[in-house]
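In the two complexes below, chain A is the common chain; its partner is chain B in one and chain C in the other.
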Partner chain A sequence: MGLARLRSRHLLHAYLFIAPVVLLFGVFRVVPAVQTLLYSVYKVELLRGRFTFIGLDNFRDLAAEPAFAQAMVNTLVYVAAIVPVSAALGLALAVLFNTRFPLRELFKAVYFAPMVTSTAAAAMVWWWLYNPQFGLFNVLLRLAHLPDQPWLMSSRTALTAIIIFSVWKSLGYNMVIYLAGLQSIPQQFYEAAMIDGAGPIRRFWRISVPLLAPTTTFLVIYNGILAFQVFDQVFVLTGGGPANATNVVVLDLYRQAFERYNFGYAAAEAAVLFALILGITAVQYLYSKRFEVAY
Partner chain B sequence: MRRLTGLLAVLAVLCLLPAFASAQAKTTVTLWYPAGDITAGAAHFADKALFAEFEAKHNVKVEAVGLDYDTMQQKIFTAAAGRNIADILFIDNGWAPGFLKEEMLEPVADAKAKAWLAAVSPEIKELSDYGNGRMWGYPQYGIDVYGLTWNKEHFKEAGLDPEKPPRTWAEFREYAKKLTKRDAQGNITRVGYAIRHVGHPHGIVHKHFWALYSAGVRLVDDPLLLRGGKAIINTDGGKAALKLVLDMLDVDKSTSLNFPDPRAAFLKGIASMQISETVSIKARQPKEAPDLKWGMALPPAPKAGDAPVSLLGAWVYSVPKQAKNKALAWQLIEWLNSPEKDYELCRKYDASPRYKVNWDKEPFKSDPYDQALKVMYPAGKKLPINLGFNGVMDAVGGAIQKVWHHEAPIEAALAEAERQANKAIADAAK
Partner chain C sequence: MGRAAGRPLLYLVVAAVAVVMVLPFYWMVVTAVSPASDILAFPPKWIPSRLTLEHFTVAFAKAPWLTYYQNSLVVAVVSVGSSLLFGLFAGYAFAVYRFPLQNVFFLLILSTLMVPVQVTSVALYIMLARIEWVDSYLGILAPNFASAFGVFMIRQGIKAIPLDLVEAARMDGAGEVRIVLTIIAPLIKTTLATVAMILFLGSWNDFLWPVIVINSQELRTLPVGIALFKDPYGSINYGPLMAATVIASGPMLLAYAVSQKFMIRGIALTGLKG
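Moving on, here comes the complex of A and B:
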């Protein structure tokens, strides 16, 4: 058997093995995504099976709609807050867990638990924690002689309350990824720095942080993509209110599609969000190439 | 050869089995309703005996399935799009415009609608008739009438007559001030009046409908118009209706944004007055607040001599166009909504009937709750049926929230709401 033939057989087997995954991914991910992009230039009447091409009208309506503008601003605020805060806290915890202390594994599991808890179920519990009269947070504030906060009940504090919940939810994952990153940094760098008289803070800033750049890049991109798609916690905790203060793009498109049956308009919102995520991810990726490290 | 014959015989039996089984299987009529405490009437579907007589008579099985209320509309829509929907939908009448916009519901046959409208009491007729005698479903017994409910003990404690509710907005503010309680630090521990200001915008509009409508606001000028029409929101009356609560929040401090669920607050004793569906208080009070003594009346009017307004709502039995067993579905609905069943089920579940003839019978004739409802019914108005209704409700609910949360001044919020509402009406009419 010739080498070329052997190679093509090898390729055929490889493709056959990945075919089921590619097929499922295509049917359940690629096709709906392409369909959604197509819907954005149509007036879609799903039950009547009527699709009317309207060009960019849905996008023009979006641009003129203050509710969408507010949803976009809320989403950007959410992303800008949650990505750096959860990454920084995750890194702090990872540094802590990178040292040895009693019950370390138990605490690690405790911090990671929110990640594997259903968002909707956890949000229901937090809804009660945030209750202005009976919730734990206001009880703690009262014990500290601080004024009660309205949390989810006020348009001024509701988005912050959702961000706090989301940080709690994503912290464990960031911690584990950073911990893996920290443990892969060769010890000789730290030993050399110690011989040169560098203290722990200097070692952290001069060795750990730069060598964790690829991990940070991954987390920023990953958390950024997830944050742009925030939905569950907003839906359960506030439903987008009060006064649209927590309305985010995915919730708005869900409402447009499934409560007002404006599928074309909702698809246009999805297309804008897709373009935004793609653009920001591409910029982050290209920018992060400057920080690539090898050891 | 013998083996082959045996094998063929087994195969033949296997092939015939499904056919035999399907010949024996009963047709199943499915009904979707909201699970939980959303509406008192929906809980009755869990009663296995409810459909027994119909099932025996028609040799069918009736399967009632409880759905999550918050996502029920969306589930119905996606199920309709997937052509895999229940035969009967038990829906909030406020959802009907959205479904009609998508031409999703079957109309009630003209002759049946005519007979129903002639036999039921006026408020049921108002809720059933979608213009010129057109009906899209049958409202269930025990309809929602929004009323002011108050805690009689709190009234006594505040030096108010527990049998005399406030009749005007000025009285209402005075009463609420007297009923509010604070702790040593000045924090409100009991509100005079609890408002709904969070959650779905529709719910927020429902709970403030009484003030908006009695002040002249109209969500759509012609409530029976499916397409077109105009929202009348940004008016002096509209501004006054929003200012009423804003003043209670900021000036009187007799209500608070920290008491988001008026009914729960009322039943927990941390709100003295609230305005919502009276049927819900009636259903929940025995379980949640057995010692509570409460009164019920129409919401206050802007000033003495003005007519008070209440919101009429109902849950409706309807049949989707995509239903597989339409004929059976209508038969079941007609059976459930016959005069005899209306009487029997209202007696059994302590609900108020719909047929005029049943109102003249005991226990409804002398039941104080039913008779109080009868007094309130004429002030009731139902929500418009316009195809742009969802957009109108979102706009008005958003404006109320913005004002009460101090996100926008009243004039600006109402102007924006009117613009959005009229756009929704115009878009839906295209």
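Moving on, here comes the complex of A and C:
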């Protein structure tokens, strides 16, 4: 077979082989993404099949709606809490796990177990634990002669309760990622520092933390993007209540689109969410140029 | 702090955190198998006074759990199967061939990773409503027939294989499709297994898209079934609720118990969702 014919046959194969993925993604991912952005400047009446161009009205409605402002603030608080807390706790635990001790693999598996459990099911268990009257958390507080907490029932504590759940859910993941990072740091660095008389705390801050910077960046981006999309646990634990105290952007989007059929308004919310994710990705891109290390 | 002094303290911290991590699972199981009087007892009954399956009977009477299992399984198996098959061919094309617009298509596929279903759901729902895929298996599956993550991982896996193997097979007259299925696939079976596990887990635990696209009770997947099992305004019975949670989360926890090393490594090395 001639080389030219072989090449053109491979060209045919290449396009045939990527065709299913490209078509499926084009139809079910790319087109809906573009269309959602487009719908954000339309009034969408699905049942009548009517789409009316209304410019930036949906965004004006968003800006004027206190419920959206509240959802936005709650989401930002959630992101600002979950990202540093799970990274810090994950790092602390990874340092403990970076030594040899009996049953280490078993403990690691236990820490990681919430990660593989469905968020909806795990949140249902926590909903029971958070029950103000009979839930285990208040029962334990009573055993310790401490005052009961309202947990999910009060707008003061509900968001914190959701954050605690999410930390429990993702702690094992953060720990395992940091552990992999720690184990890739060459032992000579620590040995050299020990010869110089650096104690364990100094070694941690001067060697581990700086050399883990790429891992930290990855976790901040990854957890940040996921946190902006938080939905499952809020849906199950509080449904956004009490009085919108735990409403978040995706839950508000869900309600607006699929309970009230305000598709245009929901599309505007999706556009805002997309801008936030794009923002983090841009930060990641700039950062990844600074730390050209990966594992 | 010397090593000898640090040891017991380290163990204490590790064990204390482990108790916190396990407590919700433990209490879920204890509540599910305890008689009703135990559940509301103070001080709490850490060990059930007797074992009962009555909550499971109630849970099964109130919701079709076997149907939910079936729905979750069908959706997961079809989406993992098609993602692997399409991903294998696309990954091969991107790894082995050179063709015009290659990078454009590759970036187009990867860019979908940045746009989660949270962002596309509005237009996707409207589109599926038009072709009458809402409230069907096809509706849940639509965005999950292929996986950008799968294409990427498989391409990386194939790139690590020496191309001589492909050339040798071509010399022997093997067609490209046969090369992909009988030579490439077995060589990257570790990658395929990891991708399959992660996609299965993602599909099995997926909640937002199924809850959007499914209205009928008989089409609910397990996470949707459990989330809509509790009636926020009705009287709440925690025994059956926890029995339902055991039913919904048990199989995955069992699978994790027997394959935790593989699952932890796979998830840690690749990030979870596709």
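Note that the second predicted complex is superposed on the first by the 254 of 295 C-alpha atoms of A that agree within 3 Å, B and C clash if a C-alpha of one lies under 4 Å from a C-alpha of the other, contacts with A are read in each partner's own complex, and residues count from 1 in each chain.
In the analysis below, a residue touches a chain if its C-beta (ideal position, glycine included) is under 8 Å from a C-beta of that chain, and two chains touch if they have at least 3 such contacts.
These numbers were taken from a predicted model, which means no experiment stands behind them.
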{"item": "Touched partner set for A:L46, first chain B, second chain C, both or neither", "value": "both"}
{"item": "Chain C versus chain B, contacts on chain A by residue", "value": "C"}
{"item": "Touched partner set for A:F107, first chain B, second chain C, both or neither", "value": "second"}
{"item": "Touched partner set for A:L219, first chain B, second chain C, both or neither", "value": "neither"}
{"item": "First, second, both or neither for A:L159, with chain B first and chain C second", "value": "neither"}
{"item": "Contacts of A:L62 with chain B and chain C, given as first, second, both or neither", "value": "neither"}
{"item": "Touched partner set for A:F258, first chain B, second chain C, both or neither", "value": "both"}
{"item": "Partner chain(s) touched by A:V234 [first = chain B, second = chain C, both, neither]", "value": "neither"}
{"item": "Doubly contacted chain A residues - partners chain C and chain B", "value": "46, 239, 258"}
{"item": "Touch list for chain B against partner chain A, complex", "value": "73-74, 77-78, 80-81, 98, 101-104, 187, 197-201, 257-260, 270, 390-391, 394, 398, 401-402, 405-408, 416, 420"}
{"item": "List of chain A residues in touch with chain C within their complex", "value": "10-11, 13-15, 17-18, 20-22, 24-26, 28-36, 38-39, 44, 46, 93, 96-97, 99, 101, 105, 107-129, 131, 134, 136, 139, 142-143, 168, 171-173, 176-177, 180, 200, 222, 229, 231-232, 235-236, 239, 250, 253-254, 257-258, 263, 266-267, 270, 273-274, 277-278, 281"}
{"item": "Interface residues, chain C side, partner chain A - complex", "value": "1, 7, 10-11, 13-15, 17-18, 20-25, 27-28, 31, 39-40, 42-44, 86-87, 89-90, 92-94, 97, 99, 102, 105, 108-109, 111-112, 114-116, 118-127, 129, 142-143, 145-146, 148, 151, 176, 180, 201, 204-205, 207-208, 211-212, 222-224, 226-227, 229-230, 232, 238, 241-242, 244-245, 248-249, 252-253, 256, 260-261, 263-264, 267-269, 271-272"}
{"item": "Of chain A, residues touching chain B in the complex", "value": "45-48, 66-67, 132-133, 148, 150, 152-156, 238-239, 241-245, 255, 258-261"}
